[in-house]
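Right, I'll just put the structure down here and ask away after.
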Amino acid sequence: MEPSLGPTQAQLDSCVTCGLCLPHCPTFRLTGDEAASPRGRLMAMGAITQGTIAPDEVYAGMLSFCLQCRACEAACPSFVPFGQMMEGARARLAEVRPTTTGRVRRLLVGKLLNMKWLLALVTSGVGLVQRVGIMRLLPRRMRLARGLRRQRVFPHSAVGVHDLAPAVPAGSVALLAGCVMDQWFPAVHDATRGVLSMGGFKVDSPETQRCCGALAAHEGAERDAARMAERNVAAFQGYDYIVSDAAGCSAHLKDYGHWVEGGESVATRTRDITEFVAELIDSGQLPEVKGNGDEVAIHDPCHLRHAQRIFDAPRKIVRAAGYTPVEIDPDGLCCGAAGLYMVYEPDTAEALGEAKREQVESAGPTTVVSANPGCEIQLRAHLGRGYRVLHPIELYWEALNR
Amino acid sequence: MTVLKAELTRLAKGMLADPVPGAPPVDLTVAPSQVEDAAAILRFASTVGLRVLFWGGGTHQGIGNAVAPDVVMTTHGLDRIVDWQAEDLTIVVEAGVTVSALEAQLQQRGQTAVLPETPAGATVGGVAAAGLSGWRRLRYGPTRDRVLEVVLATGDGRAVTGGGRLVKNVTGYDLPRLATGSLGSLGLIARLCLKLWPLAAHQGMVHVSDPEAALRTAYRPLAVIETNEGSIVYLAGTLAELEAQAERLGGRLASGHRWPEPLAGPWEFVLRVPAGATGRFVDEIRRNGWAFQAAHGVGEVRLVVDSGDDERLAGLREEAETLGGTLVVFNSPARGVLDPWGAAPGSADLQRRVKAAFDPVGIANPGILPGGI
Amino acid sequence: MALVDDLRSTLGSDRVHSHPLELLVYDKDAGVTRGEAVAVVLPETTQEVAACVRIAASHGVPVVARGAGTGLAGGSVPAEPALLVVLTRLNEIWEIDEYARTAWVGAGVLNLDLSRATEHLGLHYAPDPSSQAACTVGGNVGTNAGGPHCLAEGTTVAHILGVEFVTSDGDVVMLGSKAPDPPGLDLRGVVVGSEGTLGIVTKVLVKLTENPPAVRTLLLTFDSIQAAAATVSGVIAAGIVPAALEMMDQPMVVAVEGFIGAGLPVEAAAVLLAELVGLEEGVVAEASVVERIANEAGATSVRVAADDAERAVLWKARKNAFGAVAQAAPDYYLHDTVVPRTKLAEVMTEIYEIGRRNNIQMLNVFHAGDGNLHPLVAYDAREPGMSEKVRAAAEEMVRVSVAAGGSLTGEHGVGLEKRELMGLVFEPIDLDAQARLREAFDPHGRMNPGKVLPTGARCFDFDLAGKKEVSP
């Protein structure tokens, strides 16, 4: 099956240009420019699709300026599938107007991210550099490096682990290890495995799984993304649930239906760790821990709040860990990380990151939870010392072990 | 002049009226009873350049630069209530209907046009032309916001309708708001449609010591008025609401409901300042020993002074103007002592052009506005 | 030098668009008509706006101002090749005066952002058009925007104390003031709602309104539109002016419920959303009167929002209504007529009859409390003859409203859409007066030409002897 992304005429028609998406779009808020708004991007896609205007570097710039945060999608009363259309538009553009930078980016997210040895090498390198202490000499474009957790010089991977099953397992869970998640955030996986085991689940991280393909999809590396999806459909066969502790990945797994044959079966079994655990807390399968009620700021990753419409779950988990959740942003605007966006649109990422820093600072708490690795890196890079940034599942696991 | 007068007299047949007491001496006083008649006279006046002064009840003719008219046009003949849609809360009236007659009639069905508390004889058209609002402005907004439709006999003699008989309407330019407060500079407001409000079941007063604190404590009072005697919060609502409000204000609900007696003095002024600065100006006025009535939350202070060339007035005006406000002469025994308006607005050029769009020759209350417009 | 070069030398190249694709994304608002600009600029200060107006004038190019492009009447869509001045970047809140209850804001500030910025002071900006999360205060000033809560509070103009205004010559003047009733003509009142045809508003002095201590929101359901309309008329006639009184018919409720999932009654023929605000004591009393009137009119159920969260969901449902229409069909055509509230039931019956006779799909959601109707036709413009049929039906609806003593638009503005219908409500002499007023502001016809007034509004002249003369 060929991926069916669009933008199709029917999808384009589903926008009545009401403009209710505009305030939810971080790039529109930043620029005030319709060319940087979801509505403007859809109008541009329409003109290109219908062939009234030929795709050129202006169109390429308009597409590439989009964070793909999908906040517009959640705000759209007419259900325009913007994220999917943007992925499709980027793929179409890559076909008709290939550029060198585009090729490099697609190579990175389509191929290199799946080379474990390479990622491990990079991780070791980062770990060494962090120990030597020359991170702060990096240029602004590499600010994200300052947001990394302290890396191991000898990284380990969760791929292939099989946790012991409880006597009567509540079900089987395949943990999506992910690419950078697996290498750079092993503690999150540890917490996820611990919590799920405690909740009565048998947790595996199947050997044959690949990167979910979200980044490849976002970059328009359509065929690579489809291939990864295909591999994962096979790898995750037979499990009751597929759980990811990176919101960007769980969101993408839920989109598998229009990427690959059998993708719908993965999509329906996929749960983000936050929603899964929140349900277990609700049903009493996981306990609520008494704490001192310290305040914790909630950062909503776009692909959790907007793409998956998961809002209550991280708050519930924070409360169950004995803390008091504090809101930082009524609209849940993107922090500017947006996957690779922070690398290739550093100025915009910087502006959004600073706006997010101001929101966190005025909210008060010095502990911030974020259920997505990219956001965590961005938040740490902008908040600096004095702030603790972690995944809500880590906070909960910590509380359970206290 | 005699030829013109003869022609005008012919035109004004049936409209000629006796001179109005208090009006400047003129050769001709007309009292049209139809909008079209008023327009016809104005058209002729524009053709030959006769200056026309409009006259309602004559209660607020002291406002603005003096007009030296050739003709006085009164609205005595335009005194009908045209269409009262009580269930839609709107009413259409002619300009010469008096405020007191209209409000008395509306009250019978528990409604009000929220017109200002004016001396006897003041007309609806006059109040609209002068842009006057009453004490209840704090709760209901200015009169201007309730003028839904106007029929204007323009300076060059057209009968023009603007707005509509609807509580909500953005069809076309807002002539009703432009006409309200235009002091006859565009022509005669001959007929208007007003938005009405249901009268609250009860009204009450609470004496307070700190009007500014009271303003923040009370929810939507009718008015918070400070005078030389003290401060009163005027309330409206159900009895339960009034009692709850009085309790929150830390006072007792006084029986009866009386607005302050109008101030009388040789020189009457209205000071208009940003609402938040009212208290500051009241302090200064109090220090000067002048009689005053201040509407807190609105930014309007009425005051009377014995002499127009008191230099403290100039100081007060300057201070108000610095904040974007004004000190306007409302009534004075002698014109020319003090400019009635103060500094001309920055938009004077635009204002002149707008007047000319309705009164190109400049015969309708000529020069009455600031800057002699 | 060419227009674009002049603009670039003033604003820099980043904020001047002339590429076909960048112009295309600005060729419509939330309405149906399209019109392309020759260039789009994104100024950041009043002085930059004034400079753009002067540059355009020197090239003989007209100017159209635009906010967030959420208008529904094409007010910010160029009717002829023009420079589009986008004001979204004038988005600073300059001053909030807690005691005077006023704020100075840039024209590009979002309506809802203003209320959010004043929330901690217990104040809000009262006019709340359904697009309030997206629309700008400057755009609201342009259309004299309404919204559900304008029933008791009045539309935008009642909340605008002053504006900083760029004239058609590129001069900057202040109209209105922080003090009440500034002397002279109320040009502020004329500029509000003038749809950018008199000049450009760059900064706005707004009045803030205190948040009410108590709120009751009622959801009333009816098995006929007439019963709901009778309730509206009954409430107003009973001397209650609720904060808001909104109606949705069944097709609209179904579309909105699909998006929100607010538990709206999808089987009811009509629902009314009534909100009462004030002191707890008064609100309770008024709510019971509204409930009684509704029951007498045959309400099938009455639901009172239990808390702020439930109220927020009900309002979210109401405010997303237009956007949800695409679920029904790809295009919509919308009117904005106003009728006297005593004629509500009668006019609604006629409007449904027009829809039935023309066999078109219609959804209704409107500000019933002030008689402001929004019959909305959902259709597919690609169906041959459909657009014409829809327009004809829509015009019939307007005629019915006007015949009942109503008007063309209550809050969306005249724009491109309704200007040729202006003759239904105004005599030629009235339109001529409006055209003269416009000329006083803009003698050269530079500002948003082709909007508000119909072609030939300034079509005749009187000589002062009283003869009518038709000018060529």
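Each chain carries a letter (A, B and C) given by its place in the written order, and its residues are counted from 1.
The working rule: a contact is a pair of C-beta atoms (placed from the backbone, for glycine too) under 8 Å apart; a residue touches a chain by one contact, two chains touch by 3 or more.
Worth saying up front: this structure is predicted, and the values here are computed from it rather than measured.
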Contact-richer chain pair [B-C vs A-C]: B-C
Chain of greatest Cα-centre distance to chain A: B
Geometric centre: closest chain by C-alpha means: C
Intercentroid distance (Cα basis), chain B paired with chain A, Å: 63
Intercentroid distance (Cα basis), chain C paired with chain B, Å: 29
Whole-Å gap between the CA centroids of chain A and chain C: 38
Residue list for chain B, restricted to those that touch at least two other chains: none
Chain B-touching residues of chain C, taken from the complex the two chains share: 97-102, 143-144, 146, 150, 154-155, 157-158, 162, 167, 173-175, 177-187, 189-190, 192-194, 210, 212-213, 233, 236-237, 239-241, 278-282, 285, 338-342, 367, 370-372, 405-414, 418, 422, 425-427, 429-434, 436-441, 452-453, 462, 464-466
Chain B residues touching chain C - in the complex, by the definition given at the top: 40, 43, 46-47, 85-90, 110-111, 131, 133, 137, 141-142, 144-145, 152, 154, 156-162, 164-175, 177-178, 180-182, 185-186, 197-199, 212, 219-220, 237-238, 240-241, 244-245, 272-277, 297-300, 320, 323-326, 328, 341-342, 345-348, 350-351, 353-358, 361, 369-371, 373
Residue ranges of chain C touching chain A (in the complex, touch as defined): 17, 19-22, 24-30, 42, 68-70, 86, 88-89, 91, 108, 110, 112-113, 116, 131, 133-135, 256, 259, 320-327, 330-332
Residues of chain A that touch chain C when the two form their complex: 13-23, 31-35, 37, 39-41, 43-44, 47, 53, 56, 58-59, 62, 76-80, 330
